[in-house]
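The structure follows.
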């Protein structure tokens, strides 16, 4: 039973990370119909930048802020320079461009920082908490992961629900032409959407790096797990992305905990196949916005 | 005053507008009529900047609209209700209305303007929190027009607002449009298949055929010309 | 448009099938002469070019002709390779049967992936194939006794008859397979199947209204590309002699995709250009390039990946038809201009001809963005 709870707690922390990457994927997909396969690699880059900044001895939190700021900048830049030119082309072109960016960034990071595994600092202690007399597999840092992603989710929800910026972003995503006729500057908002998504990714990078090996490819698996989560959530529903992230995190934790960690990626693949077979539109898709 | 001159638009080999010229007097309703594929929608889309004109000009209120971006044309006071209304189904009625005014008004003024729209279209007020996807065809059309009006445009472009509406609802809608233009502050260009009801409220009428203006005359004259009606308008 | 008038005997056969066979035979002759003049090592590389051409051509059919994409072709190479490895461990059967079994197994894996992914329009296939490519190496960790663990499985090159150099013999086998595959694919594309592939790419709704079974067509295209990749993987390990997961990293999938994009999506001849890039860039050119610029070893080690990433992006942004598209366009212009000068007519004919030649380029850019945002 203890094993079960420990695995569950680990799954929740993992799931929150998947949720934040999946949220970025969904924000972008909803607005521009593009899956950003470079979402993980962009997060990798901002995390490496934070690593270098941290190495200068400025402390953890300034490096943290630098990473998020770099995400904001990088997301917008990528949309402006690489995505806009292929926006009105067949969707495959955008897939190839984001995938090309994925490996371009990994190659560049390898050239600058090397391909070997490194350690990345954590904001809080990573040793398990002790409740009563039993140690559990949940650390202060895991609490930080959960809180940080929850804050992100609340901010995104508030943005969309309570601000006119969110209103305009939704309009730009759902009905770009109608939005333009109402004076919404759609192309600028799409750029901003990429920026926000990249910030979510940058946060995920900072949260993953201390808990795994830290090398230019460290976000690869996270990206495909987040893709799984986003598909489970319906690919265009932010709420679905968060729930999908938790479901994926828990499911993979059980697979890893009981069957062995090497089976996690296969487990994700099986989940993806099963979900697409039984509920292809995802578990939480908005019924009105079905893509046939 | 809206002044379209020698406006030409083509899509690849198809030329949809071939040197169209027309004028819409300030504060009046101008009906644009014509068969399917005549170029009516294209005309409105060229005025509001959604399609690029390759020749000609559109002057409105000291602005040359050809070459301006859609967003800037909107800020010049032009509101375009596209064919089918294009309300955003994923949003509520209130959110759709908000969206119409965000570029122009702050929160307080926006609420006041939306209140005025609810007075014009009471049916919308009771459905404020409902998703637009749940509205009937007529309610959608009202929402689309209301959404275009919240920003107090000076030029209103309406593309077939009566599309799919019952005759009684159409008559009500036309009455509202006639009322709106009574104040003399809003210039309306009304594209319609339903020529009879459009002519009943318009003061001027333009008939398009295959991308060219074939008739441009007072609405009464057009309505009174049996030959013309028979030939181009089918009633 | 003006065409060169050639005497009857010099014209290409009208029948696509005959034309492809003719090209195949000419290719075989060319490669036979080439391989006889090359050293053993150069023959090894020529064989690899042939092997990658198979995988790239398969992907090209999937992406350029059918409008789907796989980001994880490396996984299917691995499936084909491990199939050969297992067959060699357990029993000795004829090489032809081994290759056929490898093709069948990878086609079956492709089927399992394609059926759920192609039920919806969207990026599902791309994501699933990427996941597959990342997941497969873990499988051999987990079941290391079956997959041979870190060492992997050993494969032996096929015995060469008589006194033929074994390397040259293997290269011939690989070249022959490549030519057969390309002829078969060429015939496929000019058949009814090819037309329905293109119809689905251009507009799924229109295709289904025209009676094309969209989902089935997409699955078939994906299975064909997986089968090609499996054959490619099987032939690849015959020359490397060992099958282990280190041979099939994600970068392999990237190389194949980049080779396809660079050669020109949807063109089979373009596969050769892509394959040359895939064989020579990571192994030789990137090293020379890094040395030429006195770059440090980290840059050298990552240069190939950087270049492939840049290739993917730059080709997509600037010349989506790839090398083959560019060559075709050039060739078209040359033919036109020379015809025009020969006939002494005025140059405006050539100018009029340009739009047509642009449309002829093929590849994803000639396709209008048919999918609307709903």
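Some points to look at:
The letters A, B and C name the chains in turn, as written, and every chain counts its residues from 1.
Keep in mind that, in the parts below, contacts are C-beta pairs under 8 Å (C-beta built on N, C-alpha and C of every residue); 3 or more make two chains touch, one makes a residue touch a chain.
Quick caveat, the model's predicted, so the values are computed rather than measured.
Between the interfaces A-C and A-B, more contacting C-beta pairs are found at A-C. Chain centroids computed from C-alpha atoms place A closest to the centre of all protein C-alpha atoms shown. Once the centre of each chain is set as its mean CA position, chain B and chain C turn out to be 53 Å apart. Centroids of chain A and chain C (each the mean of its C-alpha atoms) stand 32 Å apart. Inter-chain centre distance (chain A to chain B, centres taken as mean C-alpha positions): 43 Å. Looking at chain A, one finds that residues 289 touch two or more other chains. Those residues of chain A whose C-beta lies close enough to touch chain B in the complex are 164, 167-168, 170-171, 174-175, 177-185, 286, 288-289. Remark: chain C residues 63, 67-69, 71, 112-113, 115-117, 119-124, 126-128, 130-132, 134-135, 138-139, 141-142, 250-251, 254, 257-258, 261, 298-299, 301-306, 308-313, 316-317, 320, 364-365, 367, 369-371, 373-374 touch chain A in the complex.
On the side of chain A, the complex with chain C involves touching residues 29, 33-35, 37, 82, 85-86, 88-93, 95-97, 99-108, 110-112, 114-115, 176, 217, 220-221, 223-224, 227-228, 231, 235, 260, 262-266, 268-269, 272-273, 276-277, 280-281, 289, 291-292. The touching residues of chain B, when paired with chain A in their complex, are 48, 50, 70-71, 74-75, 79-80, 82, 86-91, 95, 98-100, 102-104, 131, 133, 147, 151.
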